[in-house]
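Naming follows writing order (A, B, C and D), and every chain is counted from residue 1.
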Amino acid sequence: MSTDYVPSREDRFSFGIWTVGWQGVDVFGSAVRPPMPAERAVYKLAELGAHGVNFHDNDVFAFDATPAERDERIGAFRKALAETGLVVTTATTNLFGHPMFRDGAFTANDRQIRRFALAKVMRNLDLAADLGAKTYIFWGGREGSESGAAKDIRAALDRYAEGLNLLGAYVREQGYDIRFAIEPKPNEPRGDILLPTVGHALAFINSLEHGDMVGVNPEVGHEEMAGLNYAHGIAQALWHGKLFHIDLNGQHGPRYDQDLRFGAGNARGAFWTVDILEQGGYDGPRHFDFKPPRTEDMDGVWASAAGCMRNYLVLRNKALAFRADPEVQQALLEARVDELSQPSLTAGETIATLRKEDFDPDEAGRRGMAFEHLDQLALEYLYGIRG
Amino acid sequence: MSTDYVPSREDRFSFGIWTVGWQGVDVFGSAVRPPMPAERAVYKLAELGAHGVNFHDNDVFAFDATPAERDERIGAFRKALAETGLVVTTATTNLFGHPMFRDGAFTANDRQIRRFALAKVMRNLDLAADLGAKTYIFWGGREGSESGAAKDIRAALDRYAEGLNLLGAYVREQGYDIRFAIEPKPNEPRGDILLPTVGHALAFINSLEHGDMVGVNPEVGHEEMAGLNYAHGIAQALWHGKLFHIDLNGQHGPRYDQDLRFGAGNARGAFWTVDILEQGGYDGPRHFDFKPPRTEDMDGVWASAAGCMRNYLVLRNKALAFRADPEVQQALLEARVDELSQPSLTAGETIATLRKEDFDPDEAGRRGMAFEHLDQLALEYLYGIRG
Amino acid sequence: MSTDYVPSREDRFSFGIWTVGWQGVDVFGSAVRPPMPAERAVYKLAELGAHGVNFHDNDVFAFDATPAERDERIGAFRKALAETGLVVTTATTNLFGHPMFRDGAFTANDRQIRRFALAKVMRNLDLAADLGAKTYIFWGGREGSESGAAKDIRAALDRYAEGLNLLGAYVREQGYDIRFAIEPKPNEPRGDILLPTVGHALAFINSLEHGDMVGVNPEVGHEEMAGLNYAHGIAQALWHGKLFHIDLNGQHGPRYDQDLRFGAGNARGAFWTVDILEQGGYDGPRHFDFKPPRTEDMDGVWASAAGCMRNYLVLRNKALAFRADPEVQQALLEARVDELSQPSLTAGETIATLRKEDFDPDEAGRRGMAFEHLDQLALEYLYGIRG
Amino acid sequence: MSTDYVPSREDRFSFGIWTVGWQGVDVFGSAVRPPMPAERAVYKLAELGAHGVNFHDNDVFAFDATPAERDERIGAFRKALAETGLVVTTATTNLFGHPMFRDGAFTANDRQIRRFALAKVMRNLDLAADLGAKTYIFWGGREGSESGAAKDIRAALDRYAEGLNLLGAYVREQGYDIRFAIEPKPNEPRGDILLPTVGHALAFINSLEHGDMVGVNPEVGHEEMAGLNYAHGIAQALWHGKLFHIDLNGQHGPRYDQDLRFGAGNARGAFWTVDILEQGGYDGPRHFDFKPPRTEDMDGVWASAAGCMRNYLVLRNKALAFRADPEVQQALLEARVDELSQPSLTAGETIATLRKEDFDPDEAGRRGMAFEHLDQLALEYLYGIRG
């Protein structure tokens, strides 16, 4: 296991074009960094060791680009991809920036907006397929409401499902090799967003016509904004066979969406995130969706992006060493973690068997779980004083 | 519509026996009120106008009751039900109080605990069926963990599903007219609880063998502890056809589980909760799961319980009047809320139709949604200055 | 007591120019509304019944305005004030919008930025005094950090104090009739902001050279973002004699800064806020610092602004009627609320007296507080079914 | 710098008797561990390397102990202290466990309760002084309310101040070498607690008669329950000269009070906490106030306690190495952290000087702060891949 923590293509790190391209506009202040053409992001990310990128349509060309401008911008992007060997792992649609999306896109009350949104996605699906994207992300950041009567939630879910059903059918008709991944978020920029957590999105997918091609794209910060355990959330998504993509970044609990670089924020959570990704069968890109803080100039932007990958590598080494350590394995046994993989009933038993079971509740009540010892070992891997 | 707000049986209000029976033990202090036998709760709740009750096995008889004691306690409970006409709408199992459940019940690492838990539920299902309960609640408050390695989440979900599958099969074999309802909670008493939100539970149910007989029992405070919108959550549950039961109470956002009486806490949220319950097709009991604050003596306990029902009646009047008000209906039209119920595509249209649509983004971007006017009308119903 | 809820000048409602002027730019989207010259806000707010306004320098003229442009813009503003009779109650400085303030203003690591910030405040203090403002607000939204080593907190507090000391001295030297009010906020746009709550600001003020002229300007949403009780916070500020100004709006607990109109958000909290403002001796303007949601066009903006004032008037009626109700007064007595105003020791007693006190702990432990009854009465005023 | 992380007396680690003694009673379940006599905690903590202890009166003897029982229990405690050499660094009063304290102690509406509470503190101050405690903690966990009218906040602050003034006078009259430290907490077990944060307590202290002998005792989890940065909070307390004591533990943001062992919870926060404690002039004990999770038996309890100390030592090494690293020192310079210690005005300058300052805002707006590079270095110390 290398400990120089230099990313390579094999590590399959990817970034949203909009991450390093964020100019720093927020509710309280204007841009602090110049616009970044998508191709510049590609060249620089390649240099840093990334493997792929994810883009919104309007990361590459402006919302109001003429066809010629659009072609020129896509051409430059494509050239950069070709020259660097970076792949487009994923694509998505900007359905939140333009004023028309003030009340959402697929679930806007205004039917014209919904139709425009569907067409916008359709057009970018064509581009995504052409550029080789295998996953198409749906982050419905403006799908929600600030007040109770303004949004009929059940009607909104009908429209959300209608939209994904239509687009799923379109992808299948076109024969595109693309799966969908819904990215949940509890709030911001809307007061309450539809499909606020991994769980809500997983439930919703079960009601879709092409549900088998739809999974989730959980983002660290989004789940942590609801005070939820991200590693638990992606473990449940894996259990359902639905972890199609991930968005790694950092957050400090319920507050505004911080989008810190991966590793910053909840460091222990990051350890368990990498642990489940590496041992749980996730085989997609290790994708970063973060925002270099507004304090930074472009040097800081690249330092921040490099930090994401480096931190993942550091944590991967730690997580693998933790699982390989015989003392840890002994501690897992003492905590009876393996026992949970045994069915509660033995083959041939029925639930009626349990009626006659002999059992001493008081003795059972005295058994400790030895979790603190186990967790201390894990923490010492995080601290780097073991392994 | 009556405005004296006196509950009647037709209102179908129900209470957990443990609500008015809570003695006030918390992490920092001892009991402030005497134990309350279940029958006493029944007599007094009947007097206050309730229609039904929900019980844990150990609300009626002690964990270590002898068979004779158990029979005596059940007898007294049954007699009170008969004398008052109160129905048992719901039942559940105490799988959290005894020390043996320190690491959970269905998902305890310790297999013996899991087996004991299943048997405990089975026994109480028999009693629940006998007493006429139609819904059986599963609140897995101790199913979770405080640390990362201690719980293999996917194995835990396997065991959770195994447990519900076995118990579902048991109910069907016995021919009981009982459905299951899972009650999610994000944390407390465990650091992170499995199936933390309505969404996670809805997703999980789709993977069960008898999923058709399993729905959710969302609690106001539990969703609000994750900063989620309760009315949105139950609307999604209704959309999935899975709102089998509800737990009404009050909470002030992400903090410890406050279990305030219904109406206290997030008052606007309570308005929208009643609105969706009354217009959304929910037909179960209006159930309260709250804790009279530890400051109260028994008079305060009953005042608190009476307040839950009264506040529901007040809010029901408001919500119905709001929906009936022509000015509100006009405001809903102006906010284009009805338009969301129209499919985005007209019958016969395909998604390809959308390619050629003529549309002026700038004009669309200028359209306001008139939500503030609509929401102000709603707020004035809450305030009682309209309607 | 009027129940038509039409604001008049005597109600002393005021608004930030930037509230109705917010164009809707956020992290995820661009402006949805046209720029609003300050004078337009003044004319329209006057029409709606407001009494005064609060302005940032750059609400009136652009950051890079030439002296001539600045004069023209101030002239138009002054003319609108004169024509409408609106007063400038308060002024403040935009120390957060320009890229240079990325790391703060008074506490920026960069000394040049700090000096520029001080000069910018000084210039606007001159204008504020000229326009008759009596309170000058300091909201240090960019004073903070996203990471641990970047900000030496004690040095930052030194600089913060230096800045306020210098500006306090300047105000006194100039003979301006102006007091300062610090507006706390826990986070956003910085990861952690200095002086995050009312408490931290009150403590800090005690260490200033001209602390007697410095108080606080608590904002509903800012305290509630930290899960704190706003009414308690301003009660403590009043207790210290330091409630110089207030910012009223709405929020739903720990999440991004929602800036909802007053009354929306935590409705019960709004009731207690008005209660303490009306009975607690606060004599400043009833000031609104909110953002009309991005869903709204200009009609929605004005509906939202009008809602703030109307909701205050509604809640004021309720709070006064609650306090005047004999049944409430009786309930307060039963809850022994008056008893808390009696010193614990009688004049002449010493603490040693207490040693010999006869007291039955068990009897004392059984005394209920009757708070639920009292709180239900309050809630019924909020609901408008009493009073 | 030793890297075996074995605690010694010189490290001055201390524990509350109630930490390792917690039996695991919570709102949902009963005791999982046997009672622990105070002397047993002392012997075992000494063995683990602790230096001192903190006790509530009723950690040593029961609330209703007879004088003889009290003497016996104190005798055993004193003997254990003598035999082990452990010191009593701190003491405090249990003003929250008994039912009579349901509405608080110093701020209970009931005057008799307030008088009893004062006497209870007075008696334990005598014992604390006798046992050599130098700091007396006031955690007002029951001082607060769940509802608005029940507590007159300003009257409550009057009584809080009266109580501390009387007890301060008592300590001075008796000539005890004891200082007071107020421990803030935002909520739990009360809905909203008085003096909810470090800031509120610091402000309050300024209004006390013997304020010079009163400081704060901030607890990691309590501040983090309000989403506040603990290291910033204690830095402000140090800036005011008021950091008299600390309570170290772990928490995962706004939720119930988790009281995890130090190092678990927010690991990055723990790094910055140790950094400011070690470089900021704090000279009190490194005190742990945690609860071994309910999953643990006694082996787990001691593992958890040992983990607290070990984690502190690990983090201390990291923090000191971070500050000593020339690359870090260079990064601090590049982030201009040192520049913040320079006054904004040079001696002899007045604020008027700033009017004429030549300054290019655009150039200033382009300057990056290089914080991401600096923070990545810190994170690599946390991870143990540097230093």
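FYI, a contact is a pair of C-beta atoms (placed from the backbone, for glycine too) under 8 Å apart; a residue touches a chain by one contact, two chains touch by 3 or more.
From a predicted model like this one, the values you see are computed outputs, not experimental measurements.
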Original post:
Of the pairs A-C, A-D or C-D, which has an interface that repeats that of B-D (more than half of the contact pairs shared)?
Top reply: A-C
Subject >> Separation of mean Cα positions, chain C and chain B [Å, integer] >> reply: 37
Subject >> Mean-CA-position distance for chain B and chain A (Å) >> reply: 30
Subject >> Per-residue multi-chain contacts in chain B, two or more chains >> reply: 32, 98-99, 102-103, 146-147, 150, 186-187, 225, 227, 252-255, 264, 268, 293, 295, 365-367, 369, 371-372, 375
Original post:
If each protein chain is taken as a node and each touching pair as an edge, is the resulting graph a line, ring, star, complete or other?
Top reply: complete
Subject >> Complex contacts: residues of chain A adjacent to chain D >> reply: 3, 5, 32, 224, 227, 252-255, 261, 263-268, 292-293, 295-300, 303-304, 307, 310-311, 314-315, 318, 365-373, 375-376, 379-380, 382-385
Subject >> Of all residues in chain A, those that touch chain C in their complex >> reply: 24-32, 96-99, 101-103, 141-142, 146-147, 150, 186-189, 191, 225, 252-258, 260, 264, 293-295
Subject >> Footprint of chain D on chain C - complex, ascending >> reply: 63-64, 98-100, 102-103, 106-116, 118-119, 122-123, 145-159, 162-163, 166-167, 169-170, 186-187, 192, 194-204, 206-207, 225-229, 231-233, 235-236, 238-240, 254, 268, 271-272, 275-276, 280, 322, 328, 331-332, 335-337, 339-345, 351, 354-355, 357, 359, 361, 364-367, 369, 371-372, 374-375, 377-378
